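There are two complexes below, and they share subunit A, which is joined by subunit B in the first and by subunit C in the second.
On to the complex of A and B.
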């Protein structure tokens, strides 16, 4: 076709082939609306809503499994007439961290890798959507999905505790603290997951890479903290929490938000609190930065 | 066995700097072993925690998953497996070759590091290093065969494999002891117990859920059975896109 005569310049630029259909000349929604639509679609997609039935199985199953312990805690409290729940709000996420890690590993690649693998990024960027919008919408969507994943079981515990008539004054502070740290966990995990998923678009590889990173970090943290606690190396034991995202956020929760830590050692004093908080925030910023860098190079 | 298929599989698993990324896992593990030795000295208890929990519990299943599904999964996914299947090679030969390469990867990146870490942590005492290295080898072969067959069966092999290795073996196994009877990790641990000796094993809390008499046949059934089934499934593979 290259040797065909050049098309006659038309008055309306950007029209490739006009075969006389009626044009759309209603209002066009801008960047903000596209970003919002992308956010909603991605956040629902992280639970398989709007995707095939087979894509719903794993996220829905994991979501059900992560809620089961919360139900059990409430039922036990109701049967035994206890004056407190048999488990803490603030250590719940740490106890179900494997489930959260698998959820993130499964959904982060579903969120970004498919767009890269099937080379549909040009379709996004041929709209008014900017690369920043795409990255932030996807990041916000996965963070929201992970937050719901950890916040719903905590809310089940809280509502259950109120139903069995435990005093709200004792329940609410820890519940709110756990929601705060749940938000941090969601931001940190979604960031790590998306960065890895965006650089490994091959099917399966992204899932394996994310779970490997999260589990190995958690394993290293557990071993180092265990040995350091045994050998009374208190500083090392306290700062070993920095190795794994889950214990990092637990450190912020215990030192900044003032919860009781489930770990053998927590960040020492004000310095420890500041270090844990800064590392958490830096991690989130670094993940957004890495994603922006990655998507700046996506070819159109 | 076919050397061309082996070369291609090895290249797809280790090429493009992937070998360096895989090398990070054993490197972290060995650093951990050195830190533990430096802080706690020669300690059989720590050795069991590191080799049993980290090497056999995390490193070997994850590498088995990456190598087992990675040996054939991407080819099936992008459809290029038809070029391989249309060659005059038996389907069982293809599966056996790919399994051999996957096992080679697991030996290099998980079994040998386990042996070295065991020697760093406890020297030759209690034969812990050898015991866990043998367990890692056997478990590695079983995981590779299992996950390779899974990759032929479903396109969601990695997620399904993760659910088995993490949820079934670890979480469910902790609450429902019967689930551990169907766990590659526990079968392999039975070999460690045999090598270390049963009385010393009990002291170090190496307590496999099954005896050696059950573990060896089960391991053989898994390796031979899943390898055969993967070859069988390759005979009528459907190349179809989903999602």
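On to the complex of A and C.
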């Protein structure tokens, strides 16, 4: 028999016992699961979910604003009994490009700069996650967030169109095309945003740099296209679309996916289609490559 | 099974040799890794985590090869870096839960382990506040918590007492001792402060310039070299000379003679000589070598 005395009832009541250290013998998930957890947390974080109340304001507000025009289009169609929506799915992203650019500029630095600036990276690297996992998870997360940012208003338009009993056969093809180009826009913008954010660990600088780059590119594209159209340089006008991520993807959408372009000139023929598609894919690959290089240099 | 084992481990960065032909076997427990700044402590830790490839030689941690099983090692080892690594805008709870998930714990398990671990390192109500508002001591606790949250078999702590005031230092050392004894987690703690490590470590590894100076148990280090401190009111130099001629090793530290204690007869020899000189004996007490003296002596011996 044990000679240990049982604790008296008086000592047991109203006392918080230090139960001592308990070991964890539950499951330990591998690299893939960890990368997925990082992806989910980062993607939700791009809308402020799981972050402070203050960091929810900007993304949520922008998200609401980007959906407003879609609502208006549906409401107008309902009131006027129109036989089509007063706006195109395929030009929606181009029309709200400033909002998308601001969103990316705000969320790309929030996604990666903090870990770099406050030297959290060694804590990731001292865990089973590899550098490439971190980069891909973060890239996928921001891409998914940007895709949701453009796909939700498009989906509002589509569902609204069905509600006002527009024929699904006429609505679906352009809706699907716009989702395809929305995915491309998300990949391209997330790539550009993350590369800039990863080399400017100060968050404010990152925001400013991304928005400047995106708006300046759009501006250059607009000016070049305007002048070229004026001078009847149609080829130059068409290829000027390569300058800005938004017009680049619009070019792919019109030439490869077969949508009507909202721009004055679209890529000429098969060569144009191939050029725009290859530039888009190269841009995505280059962004991932630049990110991998950047993170290889992060010391622990 | 050895906790950590290295065999002629060498790491060169260009012309600089950070770790040089280090061969050491370490058993589980609380191990001090002692060396001056730049002695190669941090490099050794990065090699052991499998993050920096060795130039030559090999090393195993928990029986796993650092060159090929890095990911497996990192899932069973915790790491607390020397530098700041905490974002200021999240709370300790949010941050440690995130790091737990990055160690492969599912969401619920991560939450439970975080609550437990933060309590064990001594963070209570403040754990819901943003880390930016914490004191240095609290930040060190958060850094320690993130290294323990996945219940590793071994934690590697790089200068955990850096920047702490004496009270904070004592708390941190107490925690390290508890991690080894109560939690049953082996600890490799790197420090350039020798005095603090002898209080908490079972075993010390001393490196200098990337080379192994000594590896032995703390008890061996401090017990094998006891001293008698002798203070007399006059003629200290004559007494020192007399004791030396009697075959004892004597060092003069200030106005105190430190005499190597061989066995109990040493006390008699000292007493006889003091009486012989006719001086007053102010003090005679047993002392232990501190690790710092051994470190200096060993360093001087090699250089």
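Operating definition for what follows: the second predicted complex is superposed on the first by the 278 of 300 C-alpha atoms of A that agree within 3 Å, B and C clash if a C-alpha of one lies under 4 Å from a C-alpha of the other, contacts with A are read in each partner's own complex, and residues count from 1 in each chain.
In the analysis below, a contact is a pair of C-beta atoms (placed from the backbone, for glycine too) under 8 Å apart; a residue touches a chain by one contact, two chains touch by 3 or more.
Remember, predicted model here, so these are calculated numbers, not experimental data.
In the superposition on chain A, A:114 contacts both subunit B and subunit C. Once chain A of one complex is fitted onto chain A of the other, the partner contacts of A:20 are limited to subunit C, with no touch recorded for subunit B. By the touch criterion stated above, A:211 is placed in contact with subunit B alone, subunit C being left untouched. Of the two partner chains placed by the overlay, subunit B and subunit C both lie in contact with A:52. In the superposition on chain A, A:38 contacts subunit C only, with no contact to subunit B.
In the overlay built on the shared chain, the residue A:28 is in contact with subunit C alone; subunit B does not reach it. Using the contact criterion defined above for the overlaid structures, shared-chain residue A:128 touches subunit C, although it does not reach subunit B. Of the two partner chains placed by the overlay, neither subunit B nor subunit C lies in contact with A:269.
The residues of subunit A shared by its contacts with subunit B and with subunit C are 51-52, 55, 114. Put simply, subunit A touches subunit B in their complex at residues 51-52, 54-55, 58, 65, 98-99, 102, 105-106, 114, 202-205, 207-209, 211-212, 215-216, 219-220, 222-224, 226-228, 230-231, 233, 236. Looking at the complex, you find that subunit A touches subunit C at residues 20-24, 26-31, 33-34, 37-38, 41, 50-52, 55, 114-115, 118-120, 122-130, 300. Taken in their complex, subunit B has these residues touching subunit A: 21, 25, 28, 32, 35-36, 39-40, 46, 49-50, 53-54, 58-59, 62, 65-66, 69-70, 73-74, 77, 151, 155-159, 162-163, 166-167, 170-171, 242-243.
Listed in rising order, the residues of subunit C touching subunit A in the complex are 46, 49, 51-52, 71-72, 74-75, 77-79, 81, 83-90, 94, 98-99, 101-107, 109, 113, 116, 120, 130, 146, 150-151, 182-184.
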